[in-house]
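In the two assemblies presented below, subunit A is common to both, partnered first by subunit B and then by subunit C.
For the complex of A and B:
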């Protein structure tokens, strides 16, 4: 039977569940049509990331991972949405339909293919002899990385693109906590602040674009150069 | 042997009698959420009783399919009830006749005939509702298949009585990501198949917006009662499969004794009531989707079911 993760511990099982829901919220970010919904899925995703960190930190007790979980729990579901609301004008959130290069059902199928690809990519890496948590976290983290990149490519709106970027970061984090749990706390702190600055800069930039052009539809920025043709 | 046959019939009777009660309870709860009093929970029984005492009109333009369909719609859920665990955790007398896939096909047969009957009459709304039901059906079918394959692959069997033990034995299996994702996908499937709110509005009276309801518009009298009752039983059976096989296989009778069976009936009804509360919460907090957004809803269900499968297959 293809079942290496024998349910010897409920923590391993719960971590797998957090991984599954983490992946699901990433799918939600790909599938949703609204900026607000995209943001909500990002918050849910970050909460599952933090819970996976917490569960991995409990099993061989590691205060370091728990501290990272707490940093993430404060940083991503609370500060980043607050910062985004502050910097980007309200009108962006009121918009219900995000422009997209591909429609949603096709997007979902592409997302599915990317996920299967991520599992295939991770399979030879896992054969090297990774621990139990890596079996769950590495492929799912990789899949989220790819899905975040896909969101970044296919969306034509600044804020969901930023959220795609942040979801890539979440995916990388999700994989790394299983492979390299001994990463220095200082590095994690630096990343946390780095992300905040990225959000701040992109938020301010988006606001400036919005004030100048009256839209944050990045897809239509290409047409600006040849305004006479419109 | 005799006891197993008798229990099987008790099971059918329980499903037949509780299905309208479920419909009435859900309606009443929804009305309460909307700050209205709503009809009594026994109203569906009164409706069925009244319809059985009314005259029946059948268009002379319709064929035998139209007259035959109410019986098929009424009998198929009863047939499935013989196969699945409703009250007992061991197979009853008729359970050898089919597995979960067989049950799914028998339920689909009822839907197939209802669609044919809707096209059979000259009513303009019937074919429209029928084609919409097919649209939902086409999208729901792959989800059903993937959920079914995942479940039987994990449990190593297609027999519901074996599958139901897999998830709770030991209890840590309950939290497997595959299990949770399959539950979610199947719940979305029930919403689509039962014509509940994100897909279809069961209490809508506007024919142009109907999906499921408009198929039965041409029926009157006893035939309408059978269609109505059959639809309610189909929904009840789907919920029983969901609860007893996938989510909570507790509270079922374990031994062959009338006492355990009698205890199982209120416990199963309690589980169904909890499901009804969830359903009301979902229906009251969501809006009906536009017709072409249904593909996104069921596409999401498909993605969830496939990720459940991936999570199992690749768990090395």
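For the complex of A and C:
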């Protein structure tokens, strides 16, 4: 395994810092009330994801991880916001408040509980014997995965739901750079491309919903349900 | 080479369709020709697999064995039928015909993604292919742009992509487990070889996250909520593809994992498959009874059948695995017939409500009889293929000593049987209103599709060709490990 890094290595500590900030930006996504703010937190989150990739790619020098970091740095903070602006109309951003099923303080408490839960879930996996970075990356990645799923379920607005989805993917990758750093570069490239398609498709769908139904409050779409409605 | 051709053809067709200048005129014929060639090619692959065991295009990346070939074959069969059906159905049912080339372009891409799932051998690439099946079909589900269709498309996209993200984590853990064990070939066969040395904790986590994540896409209860919406709101040919083969193609990935998990975890993997399988069959069987929309009826029946196949895989043993394979085949063919028939009813009556359709046999004999045939076949009436599959699974379960599971499965199957026939009986037989005497004709290609898809449903119940039987046996052996 390439991660025979020393515990006191500055890179490992920096990686832990990146991990903390990554988690913090995920909490930001849960706490923010605005679509625009949600997008900003996502960008910040992606930057910390890329920096963690970069840090882990430096110590046992791995061009592979550095390449993945660069792909992420171009893809998520730059192309995705641009693509979103292109596909989804401006009005969607103009909406200041995001309707939400639970209020923010309760959401934050749930998020905290999920994070602690993620540490418990990760504990048995870490016993298998992972490198040092995994101690930081695996639980935080898992927590972000759960928080993303949580954001998805409580947010009622289209774009924040999409961002929740993307943040789940970020979480999976944050864990992966510690546990599966040698994943084939081709696969990483296609996944980056796949994320773009996801943003494009959901963006187009959001625009269609906005045009045909006149709202992007997707939580209010509930015409199709089990039959009691008739 | 043949596999690469299979992957490239729909992509080329999609590009042709998307170029507006030509696409507007040639989209439909190009798609039809592509689908027919794909079908012919996949039959070639099937014969070669029967002889050599597997067909390899790019070693370590693009290969196909018997299990993959079964899926490949079904995707191309249902794809070709759905395309033939679209020729007559889409122009009539779409409000804006100028946009039809979008539909065919998307259809080609969707078929491409489903063909990619069984022919790639790297689990991470398979994950990507499954993700693309969602992304490339979302716009097809919402194609009608009605409020309901868009809602269905949104739920479909969000829920299945969430599931895919969870599954992605599972695939990464699986990769980790493989590296820990010292393996270096992240392919299905490579995993199988290294599985005895894998850490059980990691493998269990990977298996469960993938089961739950992709289970959302297969429509396993409790993550099935999007399925009846998407599978009923999409244009009918797309419903046939979604219900008949897309769900199966994703279930294929879970089935692929079963032998790997079995080596390291013993019967743990089977137990989970049984729990999720039976839960899906049971819940779907009872929800079937209370539907008001006949397309939703068939969508719930898909949830039920995915549950049956997973249950069969969970029962274990060669006989149950053969039953699972046979059921995959029978379900894909029968369910597409059901949706084609449902589409014919929709064209004839213009409503999706079960209560508004009465006495179809008299007003529209073709739609009525095909609906009755499809309904009887999918409900599991003898002598159709689904009945044989279900019977084989139940018998295998008894031989394995899984009495409780078999009893539950049998009860749920009976409930579903009556649920489906109760609704269809009223629609097909029943007393019709006199005033709707002159129902619109069903387009020729749709009638042709109905005949063509009815043939295998009837024939397979009585006779399975030897080469097909061999393919199923080989595929079942792969699940057995």
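Keep in mind that, in the parts below, the second predicted complex is superposed on the first by the 215 of 230 C-alpha atoms of A that agree within 3 Å, B and C clash if a C-alpha of one lies under 4 Å from a C-alpha of the other, contacts with A are read in each partner's own complex, and residues count from 1 in each chain.
The rule is simple: a residue touches a chain if its C-beta (ideal position, glycine included) is under 8 Å from a C-beta of that chain, and two chains touch if they have at least 3 such contacts.
Computed from a prediction, not measured in an experiment: that's the story for all the values here.
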Residue contacts on subunit A - larger count, subunit B or subunit C: C
Touch test for A:187: subunit B only (first), subunit C only (second), both, or neither? second
For A:20, decide between first (touching subunit B), second (touching subunit C), both and neither. first
Have a look at where A:90 lands relative to subunit B and subunit C in the superposition and call it first, second, both or neither. neither
Intersection of the subunit A residues that touch subunit B with those that touch subunit C: 1
Residues of subunit B that touch subunit A when the two form their complex: 156, 170-173, 175-178, 180-181, 184, 295-296, 299-300, 302-304, 306-308, 310-316
Can you tell me which positions in subunit A touch subunit B when the two form their complex? 1-5, 7, 9-10, 13-14, 16-17, 19-21, 23-24, 27, 31, 104-105, 108-109, 111-112, 115-116, 119, 123, 126, 135-136, 139
Within their complex, state which residues of subunit A touch subunit C. 1, 124-125, 127-130, 141-142, 145, 148-149, 152, 158, 161, 165, 168-169, 171-172, 175-176, 179-180, 182-184, 187, 190-191, 194, 197-198, 201-202, 204-205, 208-209, 212-213, 218, 221-224, 226-227, 230
Subunit C residues within the subunit A interface of the complex: 122, 124-125, 128, 131-132, 135, 138-139, 142, 145-148, 150-155, 157-158, 161-162, 165-166, 168-169, 172-173, 175-176, 179-180, 186, 199, 201-202, 205, 228-229, 232-233, 287, 290-292
